[in-house]
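Presented below are the structures under discussion, each in the form of structure tokens.
Note that chain A is present in both complexes that follow, paired respectively with chain B and with chain C.
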Partner chain A sequence: MALHLKLHTQPDVPLEADCISPDRMQSLKNNEISSMTVFHGNRQVKLGDFFDCKGTFDGEITIDGDLSNIKHIGASMSLGKIIIEGSVGLHTGAGMQGGEIIIEGDASDWLAAEMLDGKITVKGNAGHMTGCGYRGSSIGMQGGEIFIHGNVKNETGHVMRRGLIVVGGDSGDFTGVNMIAGTIIVFGTMGIRTGAGMKRGSIISFNEAEILPTFSRNCEYQPTFIRFYAKYLEKNGFLVDPSYANGSFERWSGDSVEINRGEILLSKHKNK
Partner chain B sequence: MIEKTNKKVVEENKNIKIVHDATCTFCGCVCDDMELHVDVDEKRIIKSKNACVLGRAWFAEHTIENAPAAMIDGKEVTIEEAIEEAAQTLVNAKFPITYGLSDTTSEAQRQAVAITDYIKGNIDTTTSVCHGPSGLAFQGVGESTSTLGEVKNRADLVIYWGGNPAESHPRHFGRYAVTPKGMFTPNGKKDRTVVLVDVRKTKSAGVADILITPKPGKDFEVLWALRALVKGVKLSSDIEKETGVPLEILTDLAKRMKECRFGVLFFGMGLTMTRGRHFNSGALLALATDLNEYTHFVAKPVRGHGNVTGADNVVAWQTGYPFGVNFSRGYPRFNPGEFTTVDTLSNGDADAALIVASDPGSNFPKKAIEHLKNIPVITLDTKTTDTTKLSHVAFKTSTYGINTSGTVYRMDDVSITLRPAFESPFPDDEKILKSIKKRVHELILKNSHSGGASGEAKVAAAVNPL
Partner chain C sequence: MTAIYINMRLLKLKLAKYFMKIKSTQITDTFAEAFKMHGTRIIITAETKEWAVAAAQSVTGFATSVIGCKCEAGIEAEISPDHSPDQRPGISVLFFAMDSASLGKRLMERIGQCVMTCPSTACYNGVDEGNEIVVGGQLRYFGDGYQSSKKILNKRLWRIPVMDGEFLVDDVFKIKEAVGGGNILIHAKDQNTALKASKAAVNAMRKIPNVILPFPNGVVRSGSKVGSKYKALIASTNDAYCPTLSGLVKNTEIEPGVNSVLEIVIDGLTLKDVEEAMRVGIEAAIKPGVKRISAGNYGGGLGQYQIQLHKLIANGEK
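Moving on, here comes the complex of A and B:
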């Protein structure tokens, strides 16, 4: 049986619970888990003041309740699995080094910020700055995979260096801004200024998009690798219409204000 | 004529004091060449020589109000009682926030940072709602900068982007950037090319040699295109369709930028507060950086409040970050969007607020104001405002630069000492904040001793004797 945490008291100010991580909980008894320290605003309190703890850790932690005011869950985790039954607050999976997080509801801003490895799946929407670098950081996500079935807001994949971000819905402005490398796939429409300042990396969309004047159109072709990606995405719960995966894409390269080695691929399939 | 003579006689009979080299703190220009004529008996400034229309209004409207110096829930109390209540409120809060600070002295700002540090709160300044995006861009891109004195003496290409200084900073043109004669610009305006980039034709357009009006919300694209042109990248003439600016104009501007001796980009909130925000500022800062491959180019935000630059400086030298700083874990963390005041209020995070010299109750989003109404608020302000009206504890304080001396920072980070004109019966912000800090510290030590003195508090007492 998995370790089960159930929120019994809603915090009245944000709760920072970076102790909710398989790495930290794997060798502890339930009473020790309940006495782990969390920050309720500026007060150090016990995890048990907010959560009931049942079951035993078998590699998995399930968390129940509205966690939208709880931050840093799964931050820096390197193993195991966390399943969040509802929505979750800021910085979930930030700096994650391995393992898996599944979020059944929505995720807030800074999801998987500066992630190094591992996998995150969000069944709902995610906020701003998914897989990004923190302010002042020159590198964001450095590896791992983020699958979001809903929409994301602005600056998805800001300064990302490696890894994969897949967005089932729409993405906001500045998708892949200042991207260094890695792949972003957006099924829906992207906001404005996609790939601004990108050095390398691929941004793929199944829709049209506004392209900055500093990108240049190269060609229209049928990239083989997208068919492989489509198979992989299907395995991860995304439905990919074969006519998109097998169809033509327009390739733009940029950003010419940087080293111009990035690419934006836009599906030319018209039956939308 | 008779009326004029009578006025003169009346003035001659008055007890007038003249303050030379006083400073106007109304806007970020912080002009320090004021000559103030003060009616000592009536305690008001009757003439402010050298001030612009905004400065004159600022000096004229500051008279001594007949109002209580301290109130709790709208009832007059002694200052000591109000300090006790403020300290208790802040110490008992789990997520106290400090906000404002742009219209007070740096000495007061310093006390506010110390209080926030003690109470493990969250500190933010009005920067987060004006040039906060520029603050973010500085972190991401860097800043190629100079003083306004250098601009006056050297700049031969002056570009204003997304601002209307003629109305917001009336002396910016005359004192620093357009008309003054400098060491290497002996003929003033004749030695300079002035470019104005704005989505609409404002009163500032009159000084511009070149006026560029992009489509609204297209500043980023124009800046990005200029970066590309400066780097020698060829662009399609479609750029006009997208941005509203013809390619020839952009090419000409890029050429002028590369060929000038000393160029400056001044940017305002028309750039920082439109869609793209910190990326707009970042694009402009990156353009200035790119241009340094060819010539000397600097970029400067045109700051609004008198000492908002001081707030950035003080918060930065005390915490390492300019605004949006949180101490809840005992050390400073910077995260605009999470720790900026609009967010801490709109998300319902804050459970107490210390507001210094600012009026978020009238200019914040509705959701933030609603939350402000539901938590205990402590205000320090020279006037009655929407925020002081909803406050649990309200202090009336004296006005910096008029009643109080101290230090302020001009928009180019140059510090200036204030020369006050006349005394106020109200204490200054620094004095009140110092007293709150002292009491907060005593309460924290008491609480930690009663719970078995924590090492942290003991260390704090040892290293921070008050």
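Moving on, here comes the complex of A and C:
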């Protein structure tokens, strides 16, 4: 049986619970887990003040309850699996180095900020700054994979350096802003100023998008690598219509305010 | 001298009781001497099967024998879009060479010249385990700085801009220990019978995964022996199996009634695959007019593996 945490008391202010991580809990007994320190606002409290703890750690932690006011779950984790049965708060999986987080509900802002490796799946929506770098930081996500089945808000993949972000729904403004490398795939529509300041990397959308004037149109072609990705996305629960994956994409290079080696690929399927 | 040769041939006939016989074909109690090699599989995909086949035929050209071609290669199988890495028609190709470094060089040369040049193709590693050889990571320089890479499923793919779009190629290919030089020899009453029997054998062998038959249509007529009377040559015609020399050479393997011998060479990723291919090949080649099926060896002193024909047949019957 997996280690099972159940929220019994909703915090009044955000609870900073970076101790909810397989790395930190793997060798502890339930009473030790319950007495781990968390910050409730600016007060130090025990995890047990908010969560019931049952079962034993077998590589997996399951968390029940509305966790939208719980921050930093799985932050910097490097192994194991966390399954969040509902929605979750800020900074989930921030700095994650390995392992897997599955969120059955929505995720708040700064999901997987500065993530290094591992995999995060969000069955609902995610907030602003998914897979981004923190303010003042020159590098955001440096590896790993984020799969969001719903929508995301602004600045997804900001200063992203490596890795894959897949958005099943729409993304907000500034998708891939200042992106250094990596791949962002958006099934829905993207907001304005996509790829602003991007150096390298790929932003792929299966819809039309507003392109900044600092991007130049190259051609319409069929990128083989997208078919490769399509197969992988299907394994991760995203249905890719073959007519999209096998169809033509319009390639835009940019951002010319930077080194101009990034690309935005827009599916032309709808125009046929 | 002629009398001596006739006597030897008669002696062989007397030894026929030691031969296994299936229908009218004798299976010689001998072995194929196979060698430890290094092998790999590449998967070529393209927009249509025709282009994938074109690239596969090109990349496997001039690759019949390591003696003269530095590697041995052949088409293993077709891959349907459902099973190919990028959902396009594909062809899997096997390559073999005597060592890993040499095979790596051949991959670089051949993928660069024969696959990258072929319209719409992409090229992927098809082996899970083995030594890693950087191929795409070298070919990428053709992109002159415009190349880019994608990392997915813990592997890196290079996207090299070319005139019809992009050439997608795996960064590294894996090379594993393999087996080369499995073979059977079909001794027939005439050339037509030998061709028919070898075709049947090839068709059966090609259904076995992880093996290739590197010679034209899978069949070789110019079997070789080690050495030559000419010092510069390391190999020369296998005179013992040449019907036109049966009355001339002392060690002829041509018995009365045999006028044509064809050989099928098999390379495989494992010994078991080579053995299975040989077994089904022998069974398929047993036809009226095929007097005998044997195998080529060097007395057991060169190759690491000895594949006994009688044992193969016996195992097949089990």
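Rule of thumb we're sticking to: the second predicted complex is superposed on the first by the 270 of 272 C-alpha atoms of A that agree within 3 Å, B and C clash if a C-alpha of one lies under 4 Å from a C-alpha of the other, contacts with A are read in each partner's own complex, and residues count from 1 in each chain.
Definition applied: a contact is a pair of C-beta atoms (placed from the backbone, for glycine too) under 8 Å apart; a residue touches a chain by one contact, two chains touch by 3 or more.
Predicted model only: the values in this text are computed from it and were never measured.
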Fit or clash between chain C and chain B when superposed on chain A: fit
Touching partner for A:24 - first (chain B), second (chain C), both, neither: neither
Contacts of A:268 with chain B and chain C, given as first, second, both or neither: neither
Partner chain(s) touched by A:46 [first = chain B, second = chain C, both, neither]: neither
Chain A: partner with more touched residues, chain B or chain C: B
Touching partner for A:223 - first (chain B), second (chain C), both, neither: second
Chain B versus chain C as contact partner of A:245, first or second or both or neither: second
Partner chain(s) touched by A:6 [first = chain B, second = chain C, both, neither]: neither
Partner chain in contact with A:183 - chain B first, chain C second, else both or neither: second
CA minimum distance (chain B, chain C), superposed complexes, angstrom: 19
Chain A contact footprint on chain C (complex, rising order): 45, 47, 85-88, 122, 148, 150-153, 157, 159, 165-166, 168
Residues of chain A touching chain C in the complex: 162, 164, 183, 200, 202, 221-225, 227-232, 242, 245-246, 261, 263
Of all residues in chain B, those that touch chain A in their complex: 93-96, 119-121, 136, 139-140, 220-221, 224-225, 227-228, 231, 233, 235-236, 238-239, 242-243, 275-276, 279, 286, 290, 327-329, 334-338, 347, 349-351
Touching residues (chain side chain A, partner chain B) in the complex: 12-14, 16, 39-43, 90, 109-110, 128-129, 134-136, 173-174, 177, 192-193, 196, 212-214, 256-257
